[in-house]
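Both complexes shown next keep chain A, but they swap its partner, so chain B is in the first and chain C is in the second.
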Partner chain A sequence: MTHGTFELDGREVPFSPGQTILQAALAASVYIPHLCYHPEFKPHGSCKVCTVKVNGRPMSSCTTPAQEGQQVESNTPEINEARRTLVQFLFVEGNHFCPSCEQSGRCTLQATGYALGMTNPQFNPLFPNRPVDASHPDILLDFNRCILCELCVRASGEVDGKSVFALSGRGITKHLIVNAESGKLGDTELSVGDKAVEVCPVGVILRKRKGFDEPIGRRRYDIAAIDEFAAAAPKGGTP
Partner chain B sequence: MTLSTSALGGLLQRHQNDPSRLVQILREVQDANGVISPRDVTELAQALGLPRARVEGVAGFYSFLSTVPRGQYRVLFSDNITDQLQGSHALRDSLCHAFEVHLDELSRDGLVSIGATSCTGLGDQGPALLVNGRAIGRLDPGRIGVIAALIRGRTPLDRWPKELFAVTDTIHRADLLLASRLEPGEAIDAAIVRGAQGTIEEVKQSRLRGRGGAGFSTATKWEACRVTPGPERFVVCNADEGEPGTFKDRVLLRQFADLVVEGMTVCAWAVGAQKGFIYLRGEYLFLLDHLEAVLQRRREAGLLGHHLRDQETFDFDVEVHLGAGAYVCGEESALIESLEGKRGIPRNRPPYPVTHGYKQKPTVVNNVETLAAAALIARHGAAWFTAKGTATSAGTKIHSVSGDVARPGLYELPWGTTIAELLELAGAKNTQAVQVGGPSGVCLASDGFKRRFGFEDVPTAGAFMVFDSSRAMVEVAENFARFFAHESCGFCTPCRVGTTLMHRALQRIVAGHGTKRDLKELKYVAQLLKVASHCGLGTTAGNPVLDTLERFRPSYQRRIRSFDVLPSFDLDQALAPAREITGRDDPEAHFEEDAP
Partner chain C sequence: MTTLETAAKPEGLRRIAIDPVSRVEGHGKVTILLDDQRKVHQVRLHIVEFRGFERFIQGRPYWEVPVMVQRLCGICPVSHHLAAAKALDLVVGAKTLTPTADRVRRLMHYGQILQSHALHFFHLASPDLLFGFGSAPAKRNVVGVAAAQPELARQGVLLRKFGQEVIRVTAGKRVHGTGAVPGGVNKHVTRAERDELKAALSQVLEWARAGVQLISRLHLANRHLYDTFGTAKSNLLSLVGARGALELYDGTLRARDPDGKILFDGLDCQQYRSRIAEEVKSWSYMKFPYLSALGPEAGWYKVGPLARVQNCDVITTPLAEAERAAFRDAFDGAITHAPLAYHWARLIELLHAAELIARLLDDDALSEGPLTATGPRRAEGVGVIEAPRGTLIHHYKVAPDDLVTMCNLIVSTTHNNTAMNEVIREVARAELDGREPTEALLNHVEVAIRAFDPCLSCATHALGQMPLLVDLVDAQGLLVKQLRRDSP
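Here is the complex of A and B:
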């Protein structure tokens, strides 16, 4: 049911009650870059990559309710530069080596970087020390690639009912933790079919014995850019 | 070390196994044991019915909680710029040297660990530190020696000389608030006579605006809370005075606690709240007993409890919650999250706390000074208040003055007073710069000293730090950048990463390894934080960088050795671990210094 329309980069976008700007845009096949938003979960607005200007004011489009007559700017050089910088921030914050990453070609961070024209990390990398956790029989955790989107936290709590993941620390030391006194994934209830495993947009939560099951070059974002998916697949959103 | 199951059980029982009291519970475990062990976390989670990782996440958020063992004596030096300029780093290093430990490292016998913490609110009597949460000011080599001896002798803190923990309150200029003499109950009675709506109307007439920095209309806040339907409402006194350089709430809570609680009670009457919280920053632990005593005295006097002043419908009581070392909890929605026993992450707004606050119920969050002013307005009327100040900024403001001045302390002045007048009063000489409102405020050079305090010109939450001409402003900026990087909650990307990138760039510049590119990067990141951050911490974190780059650029440029090459690789820093392990430092293994 359409509730009204707002203007997004000069185009009328319809919205239904309760929709945020990002949700309405994706439903209308308009791509607004985003990382921590997922259509199946309540938006929480932490990555800030979906920042737009609403009536001239910067806002997170995933959490800002759509309203009649809003003037929204999204695909402008100024906003895209800010988004590119935020993606660069995420690259330098972790340890992201795309050529050797199992998720290359189907990683939302990588695809978003491409979509925003990112060609280098720009800032000095922080090179954090983040050991991997291989204690689980079926699942490997590589924290080096974590972008702290909290999708696994939300999925494990809300869908799987297990609360396997949470965040600890603060500021630049904020990090993903698992629900076990040993701190090891092998001591949690996570299983390979969980939503939390499926939902990771980067290469942190990996299924063991599945490495390179699909050749690089033929993967999702090798075939088409992330913004093309949004344009082709209305109502869904990415990934 | 782990707390025994029975000790933990007793502690939990005192808190009715209430998960919303998790921060208070974790504080007590930490106090009892010096650490929150993995076993403690598991047992707490089971008892409270929370996922274990949730409890660990909360324990990992607050600076004063620790899931790894710290020293039996945990010493945290206040790391505000005023401490630093008074030599706190040298004092810290001397204490580290005395115990042969590095910063943030546990001594081999587990006796001591030494670290840094954000401003402890003793800017008028620094440098300062906390030892196991207890504040000691006026540090000098002599006092550091005394502290070292007490630690070495394993003297329990309760047997340390009382004089060490003495905190003094110096009021140089008192006006409406600091010169007030209110009998407990007077303001409540006046509010009852006016009625709830009439009280809000009086506050509206007074044009009182929030003293915590944002300057939102107090009456509008109260009114919005009052008209939101629901059976329960809350009043929260924001005593999380975390802005570096501010200490006026410390004095208000000690000298005028009755006035503050009276203000909360007037607010409760006006909005229809039954329950109040004082969210007291952990650094002010030394005020806890005093506040509890004041609350108890008021209960006995019938000023808190049921049917206050014989009003059938007027029940109100107040509870003190302690923070645990997180500046971001001064943001009202993060404060509420913390009150609910969670990580102090600012919420998405709207909805605002006035409609969806503590436990999603309508909640007023007001600063200590705002509530004190509200009580006096209820008693003396709006005209009494608006007689001082300007058209946009009614009344007075309490300034916490520290830094390069002859007379640090509190100055309560009408809004509209100039910066120069306050500098004169405080006995500042050769002033180069003033940081008004703390790191998140504004840094002014001499051409700004004729400007006036006020929401229309120079707004302030109350910090006033003075720097004379001997100070390097780039070092001030570096200190503030370190503060924001340390205090960023980490929720949003721009603030989490940007504050650290700004701090690293400033560290490079201060150390003489900065480049022109760093200056550009600093400015760009600071501006990005302003537009893209989730809350006020992030949007203001770039202010000190932008202000000092604009007004004190030569201070930066003097540190930049070369404008052509990129000397950002620091050979000495890279080789430091190897030099330490081998005990060798070859003179030829150093870069030749380039001529500037």
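Here is the complex of A and C:
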């Protein structure tokens, strides 16, 4: 049921009641870059990559409700530059070595970087020291790549009912933790079929021993760029 | 070992450093220490590549390793990819691979041998060999070859392209593919891909044959130079296959002494440490491996084409076997240690790789059948292959939590470390002793290094194009003279 329309980069976009700008845009096959939004979870607006200008003011499109007659700017050089900077920060805050990462070609961060025309790291990498947690028999946690999107936190709590993950600390010290006395994944109830394992958009929560079974060249974003996915999947969003 | 490695009295000697000033990280540097009479007293090849990589791999999940190790060396990533996968096959219990995995990996490997050997000969070495080591640097490069012998240059480019195509269809990408996984491979080669490669085969085989003809002609036409330039006797090490055949992908280790007597044979690669030890020297980051039974003084050896072609008893493909026989006859059945004979041996191998590719492309296991195998998990594995530049050893220990706890790598260029040092000493002694160093003389040192095709970034610049800084420094550290060559 269409409720009204707003204007996105000069184009009329219809929306239904309760839809955010991002949801309506994706439903109309228009890609707005985003990282912490996932169609199956309540948006919480932390990464700011989905920022647009609504009637001239910067807002997160994943949390801003669509309203009749809004003037929304998204695909402008200025906004894309800001988004690119945010993504570049994420790259240097963690250890993202795409060439040897098993998620290369199916990683949302990498694909978003490409979509935003990011070609170099721009800032000096911080090279944080983050050892992996291999204590679980079937799942590996590689903290090096966490972008703090909280999707696993939400999935584990809301869908799996296990609350295995949480974020702790503030600002630059904010990091992912495992809810177990030992702090080790092996001491949680997490299992391979859990939503929390599937939902990580980057390469933190990994099924062990599977890394390169899917050949490079045949992966999700090898086949089509992330914005083309949005265009091809009207209901979607790009988890 | 000659006495030239360490001068008895370093004080009062002058130092010449051949220092490639390159923006590419990691370069070789040759230091020649002369005395007042310009006699060579001390020669050292400094190599700073391959530092710290083993530590980098520790603590990483094992399935990442075959992809990660490709970053070890921009020059032969496929070889590291395969050696690591072979070592980890054992960890995941895949003692025997599926026919598909065996064929796809072999095809990938032979593609790498072909493209690497073609690049080395046609792009890097042929300018020296065709125009002479002392000829004008402006001419002595691949552009010079293209001008003087356009057809030869074209064949070199196309041979290399063919090898890269073979790598692409097996590994997924031309560089840094992911085709091999612990226990097998992750994709088939389609019939269409095979047909496309097959269409180019007759040309590839013809050019590969012509390449061997060319290098044997060059060698025989300038016999004295080719046989004596930098020649230093050493042991030989390589894999061999069944019945002592030349084997590049999987076999057992064999070593011969400088006269060709077999020192050991049929050594299971898992046991490499029972026969090979590594010595550390204060002046080099690179270790010096040697055959432990002979000790570091006498146990150093050569690896790579010249070692392999003479270590084996036979080559299993007819054209290359005929060329091997011709090579042997040219040296009256004796072992040659001439660094410049590496080129001839390398082109025999290029022909062999082309023949093996031709044979494999008819094998339907490439296109159908299971990709991986498994078995009882093991804590440790050693993978050895014959990379384009020689024997390559990867050794890992993996904990039950799947993380790598130990990694030991001996790369081809490390095996050849002492041999390269010895050859440079020979050249320095013959070419530099008692004479004022000139650019042409210093080039000879580079030609000697290049014969080994070391995987050093400095060695991938065409000769005459390598930016060089040559310092003459006296014992007090004062710069006496500087020779400099910038890249054009």
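As a working rule, the second predicted complex is superposed on the first by the 239 of 239 C-alpha atoms of A that agree within 3 Å, B and C clash if a C-alpha of one lies under 4 Å from a C-alpha of the other, contacts with A are read in each partner's own complex, and residues count from 1 in each chain.
The criterion applied here is as follows: a residue touches a chain if its C-beta (ideal position, glycine included) is under 8 Å from a C-beta of that chain, and two chains touch if they have at least 3 such contacts.
Fair warning: this is a prediction, and the values are worked out from it, not measured in the lab.
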Report task. With both structures superposed, pick whichever of chain B and chain C touches the larger number of chain A residues. Result -> B
Requested in this report: For A:211, select first, second, both or neither according to whether it touches chain B, chain C, the two together, or no partner.
Outcome: second
Query raised in the report: So, A:100: does it touch chain B (first), chain C (second), both, or neither?
Result: second
Report task. Report for A:168: first if it touches chain B alone, second if chain C alone, otherwise both or neither. Result -> first
Query raised in the report: Does chain B (first) or chain C (second) touch A:194, or do both, or does neither?
Result: neither
Report task. Quick one: classify A:160 as touching chain B (first), chain C (second), both or neither. Result -> neither
Report summary line: Where chain B and chain C land on the same part of chain A: residues none
Report task. Going by the contact rule at the top, pick out the chain A residues touching chain B in the complex. Result -> 44-49, 51, 58, 60, 63, 82, 85-86, 89-90, 92-93, 123-124, 126, 148, 157, 163-174, 177-183
**Report entry** chain C partner contacts - residues on chain A that touch it in the complex
**Finding:** 99-100, 102, 131-132, 134-135, 140, 142, 206, 208-218
Query raised in the report: Which bits of chain B are touching chain A when the two form their complex?
Result: 38-39, 41-42, 51-54, 56-57, 59-63, 326, 343, 348, 485-494, 496-501, 504, 521, 524-525, 528, 531-534, 568
Requested in this report: Spell out the part of chain C that touches chain A in their complex, as residue ranges.
Outcome: 59-61, 63-64, 66-68, 70-71, 92, 172-173, 176-179, 181, 186-187, 399, 401-403
